[in-house]
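Two complexes follow with chain A in common, the first pairing it with chain B and the second with chain C.
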Partner chain A sequence: MAEESAIFRLEGVTKTYGGVTALRDVSLSVSGNEYISLLGPSGSGKSTLLRVIAGFETPDRGRVFFNGRDITNIPAHERGIGFVFQNFALFPHLTVYDNVAFGLANGEKQVSRDEIDRRVREAIGLVGLAGMEGRGVHQISGGQKQRVALARTLVMAPSLVLLDEPLGALDANLRNRMRNELRSIRETLGVTFLHVTGSETEALAMGDRVVVLDRGRIAQFAKPDDVYAKPATPNVAHFLNRYNVFDGTLKDKTFTGPFGSLAVSATTPSDKSAYAVRYDRMQVEPDGSKGSGPAIPATFVASEYLGSSVMYFFETAEGKVIEVEHHLSLGAPKTYEPKSRYMLRWKPDDAIVFG
Partner chain B sequence: MESRVLKPVLAVYVVLFILFLYGPFFVLGILSFQQGPEGGPQFPIIEWSTYWYRHIFGLTPPSRVAPLPLGESLFRSLTLAFMTMVTSTVLGVMSAQAFRKKFTGSGLVFYLIVLGMMVPGVLTGLGTSLLANNILGIERHWWSTAFVTHVVYTFPFAFLVMLAILNRFDGSVEEAAWSLGVSPWKTFRKVTFPLIFPGVLSAMLFAFTLSYDEFSRTLFASGRDQTLPLAIYGTFSVEIHPNVFAFGVLTTVFSFALLSVYAILMSLSVRRAKKIAMQEDIV
Partner chain C sequence: MSVADTAPRPRKSNTWWLIAPGAIWMALFLVAPIALIVYVSFWTQTTFKIEPTLTLTSWKTFFGSDTYISSLFTTLRIWLIVLVTTFVIGYPTALFVGLFIKNKTLSTVLLVICVIPFWTSFLIRVLAWRPMLGKEGAINIILQKAGIISQPIEALLFTELSVIIGMTQIYVVFMVGPIAFMLGRIDPNIIEAARDLGAGFGRIFRKIIFPLSLPGVVVGAIFVSVMVLGEFATAAALSGRKVNLLGNIIVTQVGSLKWALASVVGVILTIVMGLVIAGFLRIVDLKREL
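Right after this comes the complex of A and B.
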């Protein structure tokens, strides 16, 4: 990507908290009008990354650029970057209207009363809270609170909005509704959203592109379908929660794992050797079946009905849990005998080999 | 099983506690209605009267009991308590704000501040007066040397109150304000301060009341003009009359009146908020 079109750019950002490195040499460049989701397990440094961009934390090393300007040493209130908190962080002593008007009314730039009123009502309308202006923020529900937080940020017309697990405090139903709304609001306004989440489904569903953070480093930055189909590292495959990842060693195009030694054709370069097979690419066969292709014996433990598919849980002799997903569009669910042995088989082409 | 023994014991303890807390005040309150000027500060009540209340305001014919030297000393004490309250609260809020982030030597600074309420008052008072007289060579006054000792004494209380309040304060609302382009100072004025205001009020009350009846520090540090506690103590050294009790009752009533006004204002604002909510629900 050309650097001129980048709305924000990180160069070698490193941040340490009392000996613990939260971010290691992170470089990232994001263009305007994009929905970026940032996926990482807790402790991967994803919140720290957001706080460094917002200016709440100063990096130990590295630079932060925003709209072509080096903002590394510029205080948060002069950056013009919006921030939406997981706990909403609404001003509890103000009404919905005053929360949304806060930035316009108290900023460095003088804005006329009429313009404030117009923009505040517009923002409140945008997030669907018209009629709630006079309420205190204690008198509205969690979903409405997050809408107020969003309106409060968007009314300032920022070109970049950072969202720190914005849906984390909402119940599942509301979360799904807010997902669609966040996307459509962003598309309406044409701003860039950087959305931090620990949920892989949320990251894949919402982002135009997905950044995967692993222990303070960017492990992958790609489109959701690429991340899903071609995880860059064994850990990314693990975070996606869609892959059975087997440890082992790769030597001379042969992978040795719990299922024995297999000749592999293509490998994904990685500092760790691993063998990953997607949940829905595994077949369950009776014990002792002599099919072709790699297979591993495992004991059936339990199944879980997910509506459109069923998850089957198996355990190998080493105690590793293997998940197999069966899409119901492919046929009725099968019943397996608990504590019985089965053979789990897959096509060699469906495996991703790291090493 | 345990609570069968423990509960009655605790109940007796609480009753005793309340008795010791309010007992003296009730006794003083009753004795303040003693007949005057012959009636003394002891039972039995010869005759119920408001003589000593009128005596305080100089409404009784002259008698052998001198009127309490209230006027000027009361003014001094109130002024001093007000000055102390403002200074200590401002210092307390600022220093507690500083302690929200760990800084080098913060532990040491913490103990240095808190030392102000640990050191015996007589030592502080005596030390201040020696420092002023012998080393600095300045005169002692209630508004200078005594004021300093009062601030040293009450500042730690205000500091600790604010520290407890800010400890529970969620800093993300401040970050939210910054991210909306509002400067840190304006954020403090518009967000932080309104939210910590109940704490600030407590810190003010602490500083005011501690300063208002401070004795040992003031004794040495105040110089010629006495504050109210010193003036009242001065009258004790001759003979105690129920006029002191009457004054105590009046002071207490005054404090309760202030607290009541505060409580009424609070409940009014809560009720208003509820009313708004109800109206909107109907709409």
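Right after this comes the complex of A and C.
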């Protein structure tokens, strides 16, 4: 059975804080040796989900299984699950070495001094901090603190590591370097990482599979390219920040939205009707052009140069902002006249229709 | 030409006066009075007048007298005992207020409650212990009514014990405040991380919480030390003149216009305080912690 190989499994987990439901009926099964990223906007319950798995919170309903054992009522430190805090939560008065050694030296299990030393040096080496053992944690950079936090968790040899927005406190440059580093460390150890993030690019870049959380529910759990190409709900499309999502109604295979009524062939089942077109699948044409396919008139507002592509921002008559991405490999960027009207056109096959 | 060459260079000579206000203030109100006390301690004292003729007589009087020497040791003993009692009572209180109470508003309210006794005057707070500790005081009556004792405990009032009880109650809040402040600043994630790594509460307290609160303990200890070492009123009101601290000697000597001897005791007290503060500051690098 698939559930046998699952390293952890959630069954109908529900958690409410003072009338606000943070998690509703979440079920999830993750196998070993996998990098899972958990994407959700703030308030989607992603941190709560992580804290429930870690054991810092008890779910109101539902069970949590880890390595085939029901751990719902087992305290955090007996679960054997590692947790890397968003702000690192290093012990400020201890050195790098003592931070990493803390769990082995102060846990319930007696570990010999030699073994502690061996494992601590191994963990510090693994995260690339060899030679920094004696430094105080206030004497090292943000990226190095992140590595100490990781080493402190990994030294306990957990088979599941939970990372709560681990790259959120780092600057953009460092964040990109740590992405590769985190992935390679995980591959070396062969453990499962569950990485919570609010950044869609981070989620897609890092996860072997991506869980998208929307208002306390799992909206999609799939490989990054599937999430990107086939978002399961209008909100997932919205979180990805790569789709123009139009509201409207779907009736008898006809979608009625701000661009008029369109006959649609394939639809993605969803409780909300919406029409989504990727930023890079829209064409900008002169106002009044009579091309084939659906189109919407909009006023050009501004453009943004991104290096490999240019983003153009348009505004429809209703005030909705539409983004169009132009890859520079497809030709030189075009200049548009601000406050002038253009037609934005796309192929019907490129649209995803929810309803 | 570089910018640095064209920019007008600040001249050293016209900036030194910026420290003048602070320097003048310190000289007038700290350095000068202390120097004067040291100077007066070497003056010649006769029964009715004091002359600026330098002599060691007052210093010899102090170190030649058992009464004065023993009051120095009484001061040190009471100081150490009160330091311990305020820490033993203050630390758990601070732990409760600063760490166990998660609600910041509630912990602020509790700290304010600790300060309520200060709304009454110092003397009233001290004297209020008399009807509590006296032979027919509240504590003896309660213990007798409860049948725990048959005879009232007389050792409660006008002894060293009553001075220690009084001082502990008055100064414990100066220990609670700084410690609670430091404990309140500990990131809860740090404690959660320690727990997640498998450490029990005892270990977390010893290895994480206590070391992180140490600057608060040192600041509290300095507050309590400075105030207890210079104390005279609690000893005068609660010991029945049996406990003589250095402060009491200064009061008596000034009262009989013996300025030279009072200055000697003042100088000794200042040196003791200086040593105590320097000692505490060696424990923690406060500049880094605060």
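One rule holds in what follows: the second predicted complex is superposed on the first by the 354 of 355 C-alpha atoms of A that agree within 3 Å, B and C clash if a C-alpha of one lies under 4 Å from a C-alpha of the other, contacts with A are read in each partner's own complex, and residues count from 1 in each chain.
We take it that a residue touches a chain if its C-beta (ideal position, glycine included) is under 8 Å from a C-beta of that chain, and two chains touch if they have at least 3 such contacts.
Keep in mind that what you see is a predicted model, and the values were worked out from it rather than measured.
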Combined model on chain A where chain B meets chain C, clash or fit: clash
Between chain B (first) and chain C (second), which does A:136 come into contact with in this model arrangement: first, second, both, or neither? first
For chain A, which side has the bigger count of touched residues, chain B or chain C? B
Touching A:76 in the superposition: chain B (first), chain C (second), both, neither? both
Which of 2-10, 182-190 or 272-280 hits chain C? In chain B, it is stretch 182-190
Just which bits of chain A does chain B share with chain C as contact spots? 54, 56, 76-77, 82-83, 85, 87, 89-93, 102-103, 106-109, 152, 156
In the complex, chain A residues that touch chain B: 54-56, 75-83, 85, 87, 89-93, 102-103, 106-109, 131-132, 134-136, 139, 149, 152-153, 156
Over in the complex, which chain C residues touch chain A? Could you list them? 187, 189-190, 192-200, 203-204, 207-208, 211-212
Can you tell me which positions in chain B touch chain A when the two form their complex? 170, 172-173, 175-184, 186-187, 190-191, 194-195, 273, 276-277, 280, 283
What does chain A use to touch chain C in their complex? 54, 56, 76-77, 82-83, 85-87, 89-93, 102-103, 106-109, 152, 156
